[in-house]
Structure formats: C-alpha cells, structure tokens
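When the chains are written out, they are named A, B, C and D in that same order, and each has its own residue count from 1.
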Amino acid sequence: MISVPVILSVMFLGGVLAWLANRFVPKGASWTAAIIAAFAGYLVFALPSCGGEYTLALGSITLVWKSTNYSALFAMLVAVLGFLGILYSMDFMAGKKNLGYYYMNFLFALGAMLGIVYSQDLVSLFFFWEVMTWSSFMLVIYSGEEKSHKAGIKYFAYSAIGAYLILSAIVILYAQSNSFLLSENVKMFSGMSLGTQIMVISFLALGFGVKSAMMPLHVWAPEAYKESPSGFTAVFSGALSKMGIFGLGLVVFKFAANTEFFVYVRETLAWLGGLTAMLATFYAVIQSDAKKLLAYSSIGQLGYIIVGLALGTPLGIMAALFLTIMHGAFKAMLFMSAGAVYMRTGTTSLDDVSGLITKMPLTFLTALFGIISVAGIPPLGGFISKWMLYQALLETNHYFLIIVIFIASTAAFLYLYRFIFSLFLGQREKEFEHVKEVPWSMLVPMMLLTLFVLVAGVFPGLVLDPIGKAMGYLGNFKASWEPQVVFSAWGEKINMQVIAGTIGTIFILGALFIGFKNRKATRVVSTKDIHTAGEIPTENENLTYAVNFNQPFERAIAPILKWSVDKLFNLLGENLESTFEYLRYVYTGNGQTYAMYVILMVVILILFSGSIFGIHL
Amino acid sequence: MEFSPVLYIAIPLFAAFLIPLLGKVSKTLVKLTPGIVFLYLSYGSILLFPKAMEKPIVQVVAGFKPPFGISLYYGATAAFLITMVTIVGFVIWLYSYKFIIREPIEKYYMLFMMLITGSTGILLTGDMFNMFVFLEITSIAAYSLTAFLRDKDGAEAAFKYLLIGSFSSTFYLLSVMIIYSYTGTLNFADIAGKIDLIPPMAKGFVLVLVLVGMGIEAEMFPLNGWAPDAYSQAPSPVGAVFGGIVVKAGLYAMIRIVFLFFKTPEVMQFLIFMGILTLLIAEMAAMRQHQIKRMLAFSSIGQMGLVIIALGIGTMGSTSAALFQMFNHALIKSLLFFAAGYLVFHSGSKQIEDLEGLGYDKPVTSFFFAVGALAIIGLPPFSGFWSKLLILVSVAKAGDIAILLLILTGSVIEAIYYLRAVVKLYTRKEVPDNVRRTPISGLVAMGILAAIILYVGLYPGVIEKWLAPAANNLLNAADYIKAGLF
Amino acid sequence: MLYYIGAISLILIGMYAVLTKKNLLKIVVGLSIVDSGVNLLFISVGYVKDATAPIFSMPSLTADKMVDPVPQALVLTAIVIGLATTAVALGLVIRLYDHHKTLNINKIRQLKW
Amino acid sequence: MRKAIAILLLAIVGYYFINVFIHMPFGEKREGVGKYYLENTVKETGAANVVTAIVVSYRGFDTLGEVTVLFLAATGLGAILFGKRGEKRRLQGASVIVKTTSMMLYPMVVLLGAYVFVHGHLTPGGGFQGGAIIATGVLLMFMSYRHFNVSHNALTWIESLAGLTFATVGLIGLALGTTFLQNFLPLGTPNDLVSAGIIPIIYIAVGFKVGAELTGVLDNMLKTIR
C-alpha cells in the first residue's frame, strides 16, 4: 500500500543512504540518488491522486498527509524534474567533492517539496517548507566560494522572513480555529474577523511570494540560481519556486476566496505579478551571465503564473497551472543546457562563450526548443499557456495588464535571442575548439524534456487533464479549453496538431532552404577579424559580438534600472546593521557601568512602579 | 534505599568533599567522579520522574515540618528541569573529560560539580533563604570557573560577573529580609499564604528587588552586561553550563517567586516587555559580534528573552512552551558551545573570521555546529522548531500580534547571524595541516546531544506530554501552597 | 529606627563606592560595606526591645524575653557567604593586577561590545 | 559626572528604601517561626543556644550550603591563583617582641577557637566563629614569621574529612529511614557539653573545616604576593 509517508521516508532515508553510499563506494552517491529518485518518482505516480491519507499524532499536534488532485499535479512535477535533475547531475557533478552532501540535500529538498504538497495541515506544511529552505540553502552554498555564500545568506535571509511570515499566519489561524488542519481553517476562515483575514492573507501571500520570487521580494533569486549547481538549478527554478505558486494557489482560492475583499487580493496579486513579469524581463535583458539571465527570466515567468492565478477565472488558473508545468520543463531545459555549456567551457558568461552550435548540437537543440517555448511561439507548450493567459486577461477586461504582459513578452525575445546567439551562434573562439558534446546522462534529461515540451504543445490535453482535476480541488472550476473555442471568434476551427504540423513543416523547409542557399556563402572569420575606426584591437579585448548585445535597450530602460529594489534592500540592511552596531555599545565593557545599569533599573522600577506594577511606592 | 530528592544535593557535596582525597590517589579517579555522580543522579531523576509528575514530592530536611525546617519541593516543574540538568550535566562532564587539560583539574571538577549542584538546589529548594545559599554556591563556583583559564580576559570577565552578581545577591537578601520581617517565615508556600501581611509599599519594593536581583541571574536586558563576557571567557564546557543550566535556574527562581507572590497582570506585562527588550537587543548585538563564543552568549541572552516573553504571557500553553524552550535551549546551546570550543581550539582563534575552511578540515565538529545552529534558529526537523512553534502559538492565542512579529524579527536576525557563522565554516580555504583532532569523548558528547535534538524534533511528543503537569505546577500557586505545607 | 537608617546608609555608601571608585580594591571594600550594611539591617530587624540573646544558659530566661533568633542565624550564613565572595574577589584582583599592572577599573576593559 | 549620577540614583533608592523601612515595626515581638524556635528548641534539639540550633539543626541544610560556599571560595581561589605557588614572599619579618608575643598567643588563640566551636550549642559562637578565630591565629603567625608554613597536605585532609563528616552525618539520618541531617543521637540534658545530639559533631566538623579553609585562603593570598 503506497501512502504519503512511504514516499517521504523513501526520499529522506534515501538521502541519508546516498550520503552513506558516498563514504563507501565511489560514485555510490549518484547511483543511489538516481535509483531513489526514480523509485520515489514511480511511487508518486502510482499513488492514487486522491488518497493515501495518513495521520500522525505528535503530542498535541496532529499531522495529516494526503494526496489531492492539486498536490498530485505538483508532486508529479517535482518527481519528474527531481529525477531528471539527479540524472543530469550524475555526470555534471562527477569528480566534485562532497557528493554525498550534494545528493543528500538534493533528495532532502525533493522530499520536502513532496511533503509540502501532500501536507493537509499547516504544521507539516511549514515543517517541510523549512526543510526545503535549508536543504536548498545547503545546495546554494555547495561550491564553498565566497560568492555562493553571499548568495546563500541572502537567499536564506529572505526565505527566513518569508517563512516566519507564513509561520505567523499559521499561528494566528491556529489561535482562532484551534486547529492546524487545512480543511478546518478553510472552513472557519470566513467567520474570522476582518483584521485576522487581512493579516493572514497578506502574511501568507508575502511568505509564498518570497519563494515564488514575486517582486519586490525576488532579490535573492538571481544570485541563488546562479550559484547553485546547474543540476539543482533546474529543480530550483523548475519545481522549488513553484512551491510558492502552490501556496499562493491555496491562499487565493482556499482562503481569500471566502472573504469580502477577494477582488482586491486578486487585483493586487495580478498587478504584482504583471510588474514582476515586466521588470524581471527588463533585468534579464541586461544580464551578461547565462544563468542570471535565466534566473530573471524565471522570475518573469513566475510573474505570468501569478497573474494567471490572480485572475481567478477558470481560464486564468488553467493558464497558470499549465505554465507552471511548462515552465518547469523548459526552464529546466535551459538551465541544463547552460550547465552543459558551463561544464564544457567553465563559464556561463555570455560575453565569453560563442559558436558552440557545431560542437554541442544536441545541447543547442534543447536550448532552441527551450527559448521557443519561453517566447510562446507555437507549436510548443509555452504558446498555449500564453494564449490562455491573454484570453483570460481579455475576458476579465484587464487591458492595462495586457499591455504590461505584452511588453514583457516582447522584451523576452531580446534576452532569449541573446542567450542562444551568444552561446551557440556566432564565431567560435579558439579556446573552444576542443569542446565536446556532454555525456549521455546529461543529454537524456534534456532530450526527454524537449520531447515533453513538444508533445505538450501538440497534445495539450495530456497536461490539461491533471490540471483540470487540480482546478477541481481549488474550487468548482472546470478545465474546458479547446483550441477550437478560441478560434471560433474567427469562425474557424483549428486544432493544435494542424498548427504544429504546418509550422513544423515550414520551419524545417525554411531551415533546409536557407541551409542550402547559404551553403557556400558562409565565411568563417575569427572574432578578432574586425577593425574599429582603423585600429587593430589588442588580444585581450573582448570582441565577441555578444558583448553589450542589448545596449540600446539597456539605455532605453535605464531610468527603471536606477531604481533597484536590490540596492534598496541592501541599503536598508546596512543601515540596520549599523544601528545594531551602535546598540551594542550599551555593553561598554566597564563593570561599573553595568552596575550603574542595575541601580538605574532599580530607580526606574521604583519611580514608575505605579504605572508598571500598579503599586505606588 | 529509595531515591530521595535530597540526594541531588547530598551526593555531589559528598563527592566534592571527597575529590581532594581522591586526588591524592589518582587523577583519573577525580575525573571520573563527577561523571559517576551525574550518571547516578540522572538515573535517579528518571526513576523519580513519573512520581513527581503525578504529585509533588516534598522532602523535609532535618526532620522538622515546614515551615520550621527547610523543605525541598520536588514538583513537576522541578522534576522536569532537574532531569534535564542532570542529563545535560552528565554530557557536559563527558565533554570536559578531554577538553579540560589545564591544571588544577581536581579543582575544576569540584567547582564544575558544585556549579551544577547549586543550580539544582535553586530548582529544588522550597525555602527562600536556602535558595539564596544555593544561589551563592552557584555564583561563587561560576566566578571561579570564569577565571579558570587564568588569562587576562578571564579574570576581567569574572570580576565583572562578581560585581554584578554581588548586587544580585544583595538585592535578593534584602527582599528575603523584608519578607521575613513581615511574615515571620521563609518557606515559599508559607510566605505565599501570608503575602498579604506585607503592606503594599513594602511589597512593591520587594517586587522591585526580586525582579532586579533575579533579573541579573536571568539575564534581563539592562542587567546582563556580565553575561557575554563571562560566557565567552569561561572554558567552553563552563559556557555550556552557564547557558544551559545556570541561567535556567536563575530564571526559574525569578518566575517561581513572581508567580507565587506577585502574579498580577501588570507584572506579567512587564515581564513580556522585558523579554522583548532582552530578545531584540541581544539578537542585534549578537549579529555584530566577531567572536564566536560571544555571539553564542548574546544568542543565549536572546533565547532567555524569548522564554521570559513566553512565561510572561502566563497561560498554560505559553508556560509549557517556555519550559520546552528551556529544555531545547539547554541542549542546543550546550551543543553549540561544545562545537565552538573545539573549533576555537582547532583554529587557535576566537574570531569567526578565522573559522574559514574548518568545515572541510574538521567535518564532524563543524557538522555538529551546523546542526546546533539550524536547531536553535528553530528549523525543522530539530527540536527547537516545536518549542518556537508552541511559543508563537501561545502568543497568537493571547492575541498580541505585535509581540508575535517582534519575536519573529528577532528570529530572522538570529537566523542570519548563525548562518553567517556556519557559512564561514564551509568557506573553502586551505587550512594548514592540523594534526589535532577532536577527541572521542567530545564527539560522543556532541553526538548524544545532537541525537536527542533530532529525536525530540521528530517525536516532540516524548517531551510534550510532560509539559502540561510541569507548567501546571509552575502556574498553580494554590496547589503549591497546599503541597508545600502538607 | 535609627539602626535601620544607619544600616541603610552603610548599604548606600558601599554602593556609592562600588559605582564610582576607580580602584579595584576600593570596589571590593565597597562590596564588603554593602554586605555589612545588609547584615546589620537584618540583625536590627530581629531586634526586640529589652530582650536578651536567645540562649537558655540560665533557668531564669524565658522565651518571651528573647530576640528573634532567625535573623541571627541567617546573618551568620550571610556573613560567611560575604566573606567567600570577598575572598574570590580579592583573588581576582590579584590576577587582574598581575595581568594589567594596574588596579584602575577604567583601564581593564578588554571585553566590550 | 559618574559621581553625580551615582549620588542621584542612590539618593532616590535610599529615599524609598528608608521609606519602606520606616514603616517597619522596630523592636517589637514577631509571630512566626522565630517564636516557635524560641519555645521549642530546647525540647526538640536539646541545644541551649537557639541560634546554633537553628543554624545546625532546623536550617542545617543552609549550613551545609554555607560550608560548601566557603569550600568553593577556597577551591576557587586556589584555582584562580593556581600556578603562583612557591613564588617568593616579600614579607618583612617582624620584630622580636611581636614574634615572641605571637608565639605565646598562638596556642591560646587556637585553644580559644576550639573552645568556641566545641561549645557552640551552649554559648555564643560555633563552628564558623571558632574556625575564624583559629584562622586568625594562623594569620598572626603568618604576619610575624616569614617562613611560617602550613602543610597543604594536612589542610586538604582536614578540609575533606570535616566536610565528609558533615555529609556523612546527614546521610546517616537518611540511611536510618528518617530525613537528611535528622538527629539520630540521644538529646541529653540541655546545657551539658555532651548534649543536643548531632549538633556538636557537626559544629566541630565545621570548626575544623572553616579553620582549615580560611587558613588555606590566607596562605593562597600571601604566597602570591610578589
């Protein structure tokens, strides 16, 4: 009998096992982890999507785990991405130190995510939430370098703030309802006072918002994504940040939906999501590091998802959940390909690497499908979610938001093109002549995901089916999107397969045509083959085309960039710390001063005893 | 012979008087004595535990009925805390076994044993003046142990501690005096019954004296200047005793007196206020520390603040949460001090900066430090999580969201500085080959603590079921009076 | 009554010394003065007019003509404890002087913040 | 500045302090445990000296603690000043008159001390006082003779054995099925030297212990002067 604790214990004990394996068998950790992840993945899929209930009484607190349709959706995402991430790591991480530590925390993180989605009570939700936070923190600081530690601390600090907000919401709820059970709290929520409702919803939304990198709480994300090992980044961006979405879904539809101010919650979140999408895209455009670029892109995509959720219409939710799955897949693809490039070249800087297309064709293909999907070009999965999102926005008359989203989507092309161009196209530097394609264990996950994105784009019904069920859990929503309905505005019925076929054919034909036509015309030149106003550049000048790729755009959005949330928070942090510094001067180190404090305390207590204790001396 | 609570005091005293003679025979014998004593006492305390949980055991000394003789009150709260103290005491002894290599070893073990015994006495006694005596036993042992390393800073820290500690004992003695002069008795239960004989003004003065005097021991904010110095300069196991045991005893003394004699809403409000002040200022100061043990000291103060807040709320839930937090803090802070002790020893420097790279060089010790850090922040699956959760729940139930947010602010700060230290440990850096290793006894001590922390984190029910009687015993003054005077 | 005021004055004088004197030895002396003040105060609390010491050395003495024995017993303990504290304090002062070559408390401030 | 603040603060404290005590009855008889002790001491403990009875019997546990405090102070001082042993003292030897007088006084002082603690249950005084007097005698010798030495070995033995006696007497009570420190000897006639059960035993032990400890403390401090 498969139940949730079985899955969780497989993951957690597996983590310990992987750590142990590393101590005794070389490469033991990676194989153990892969097997464990595969097995747990199998269990997740085998678990009935509505059931597997398990109750555990811990003293006065009862923990309940159960699989629901909603959690099944996220659990599958986690299980698949987790397995692929570990598979990818097997060769990616080969030869690195402390692999036991890496895989242990990886599996812990996966287990914690599964724990989160299966939790039916708030305590275990928070419990796993924190386990997820620290295990992912451990992976961010894995490299042991100064930079990764900075990123890690930043990540942890924001996560801690978020987590404690969630915790306070949980205890406020408990104080009112005397229960940690999700269902109980949802039931009683509408009966609580307005203040409580506002507090709980805003705390929860902010707390989950931190994890889903909602602006202005996103500042931890770029660096944390950049510093974590790529095998995990795929999971980090693809699945871990989705836990925030998972939570937001609960907040919006389980809690906020029962309040009078539901519409305000939705509007606020929608706008926050929209702004996130736009600003993050702008930031992504100006990045010169592949992983940071992808990180911002990831933030932007999560913005879309939040918009979709916040719209609250069936179509919006469906768009959001569909994008959740799709984003999990294509962002994992992109991070994996960036990781593959990193593995072979040792850098992810867009300014340094170029022209890898012939050396790493399959990686290029993955990246290509990835960016097509992000950009929302049919026939891949991204297109459908974008389409649904626009349609939902139109239906609910959010015209300004459409503009915002539209700007964001358009700007996305800039960075996406830069990503693929810088890494794979253009002239190849000499130092990259001997680059080889990555090993199969890394290609397999990338290819599988590519296939999935393609299939999901062509047969969206495959993914829409579990999503529809999940929506049923969130409320009485029904998933009823068919391409035909959309296109019926023009009085035509077209289905995805036809679009896919058409576009695919045109694409292949076009590629072949251009390929043949330009077969002779291409001339391979060195990047140094360039003259600037008659001057011959020196050897160490970086003249890759990708340098300052989007400079015009950067200039255009300069005013926005000046106002950086990150800087603002840093300033705040610094000021706070210097305040602390002054505060600790209370401890002067002079024993007599301390004695004076004691007497002072006595005097204060005596003089104000009337107002403090109600006893007049 | 049945185990009697008085043995908690008698056996260690006997052993302490015996140690100088044993020292003439063999040093190993001296080193083993406290371990045997604490092992036996933990065994006894576990035997006695269920009984005390059911019904307070009031043990008379010298055969005179209270209030005429001194009586020991071994109620559920005392049983809970003393069991914790003896077990933690045993583990700290285990750690000391190899850690203390400086002469005079026999004096160290005598003082160490008496430090813990004094704290036990504070928890155990049912007599106000007797508590003063135990307070002094604790203090004098603590002063001497703070200066045990005989370095410059140790003596300075000890002198400050002594200066402030004298104020504490003076104030406490004055309060005993005023109470005696009006009620004519020294037994807690008896005083509690006659407290109204004291005119309001004198009562207010006593309250001020007790709050300040015991506030010093419990490390309330403006009174805790001595604490960071003493914690950081004492040898690490002693730091663990301070943070894990001595403070708890001081706080228990204060809370016992306040709850028995002065339990008014205003006083409780005041406790909450002081708790918040203590928590926030200590956490802020801890964030800016450069020395690891000083940071632990401030964190310890902060945790005490948290406990004071929870006690100040004064509901059943919050009091049990506070006791749980005390228990967790004793274990976790000991673990942290243990690990920090060897880290400082290995790196040869007290600065956090210099810990770089030790995470790879001394993986096990560093791992225990990391576990302790995660646990004290209150991250699952460690025991610190549950107590923090229970405290927050009780705060929320009391309806004060502002306090809740302030506690969480403190927690965020705490999380940041602990992780900074942990991350420093795991910064890659070539460390000169260090042949010194953490001895097995130290690792076993840390391992025991870490195992308990993890076990309680996974099965909080083990501890939680005892919290209710313990909290009830602390809160319910009428029961105390009834049992104390039989 | 005057006894109370005298004892309290002693306590305050001692505290003043502890709070302001720069010399460590004077501070220790101050602590001792505080102790003595407290002890005297306690003894005077137990005082009963026209009563004798609580010792039944002669059959003519009766219980109702004796001072309260409890404060005396407690003060005995308190004196010893005060002595112990002073001894340790003096030991620390010796150590401090060894290390710092000064007894000025303002110069002994290695540990701060 | 500091002085002004200190005076101000202490003035406030003092004002309220006196304010509290001024209302306290002075010189009046009190109800409470004191009265009980006065009325029942002779009957219950057999000691003529009520203070001693309280110190050793009723509140014997306090005294055990008190002895421990002193023991700790001696130990602690030894720990703090450890490693300075054997450094040369720079005390000036005293004049012949002082030396001779000290020599003559020393045995008498010790005797007086012994008298005081042996008669603790009968007359004013007791173990602590007697021990302190003995230590004064030793101090006298320290002051007058440069090379006067006490045997540390002996001190340790006396200290430990005396402490053990106290603890053992207490534990015997427990072992006999009564309570810790409970009297198990016949009370005898009040005002006899051999009376009051275990009180004289304990007080003699305390006397030895306190004498030895104070001597140890003095020795420790003197030896460390450079």
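We take it that contacts are C-beta pairs under 8 Å (C-beta built on N, C-alpha and C of every residue); 3 or more make two chains touch, one makes a residue touch a chain.
For clarity, every value in this text was computed on a predicted model and none was experimentally measured.
Central chain (C-alpha centroid nearest the global protein C-alpha centroid): B. Pairs A-C and B-D differ in how many C-beta pairs touch across them, and the larger number is found at B-D.
Note: centroid distance chain A to chain C, computed from Cα atoms, is 67 Å.
A straight line joining the Cα centres of chain B and chain D is 30 Å long. Centre-to-centre spacing of chain A and chain B amounts to 43 Å, using the average Cα coordinate of each chain.
If you average the CA atoms of chain A and of chain D, the two centres end up 73 Å from each other. Residue positions 11, 15, 18-20, 27, 41, 45, 70-71, 74, 77, 81, 84-85, 88, 91-92, 95, 109-111, 113 of chain C each touch two or more of the other chains. Multi-chain contact residues of chain D, defined as those touching 2 or more other chains: 2, 6, 9-10, 13, 16-17, 19-20, 24, 30, 32-35, 37, 59, 62, 65-66, 69, 72-73, 76-77, 80. With touch defined as above, residues shared between interfaces to two or more other chains in chain A number as follows: 584, 587-589, 591-592, 595-596, 599-600, 602, 606, 617.
Across the interface of their complex, chain D is touched by residues 1, 3-5, 8-9, 11-12, 15-16, 19-20, 41, 44-49, 53-57, 63-64, 66, 68-74, 76-77, 79-81, 83-85, 87-88, 90-92, 94-95 of chain C.
Here chain C touches chain B in the complex through residues 11, 18, 24, 27, 31, 34-35, 38, 41-42, 45, 70-71, 74, 77-78, 81, 84-85, 88-89, 91-93, 95-96, 99-100, 108-111, 113, going by the rule given at the top. Put simply, chain B touches chain D in their complex at residues 1, 4, 6-7, 9-10, 13-14, 16-21, 24, 59-64, 67-70, 103-104, 107-108, 110-111, 114, 121, 127, 129-130, 133-134, 136-137, 140-141, 143-145, 147-148, 150, 155, 158, 178, 180-186, 199, 201-202, 205. Considering their complex, residues 15, 18-20, 27, 105-106, 109-113 of chain C touch chain A.
Those residues of chain B whose C-beta lies close enough to touch chain C in the complex are 129, 132-133, 136, 139-140, 143-144, 147, 150-153, 155-160, 162-163, 165-166, 169-170, 173-174, 176-177, 180-181, 186, 228-229, 232-233, 285, 288.
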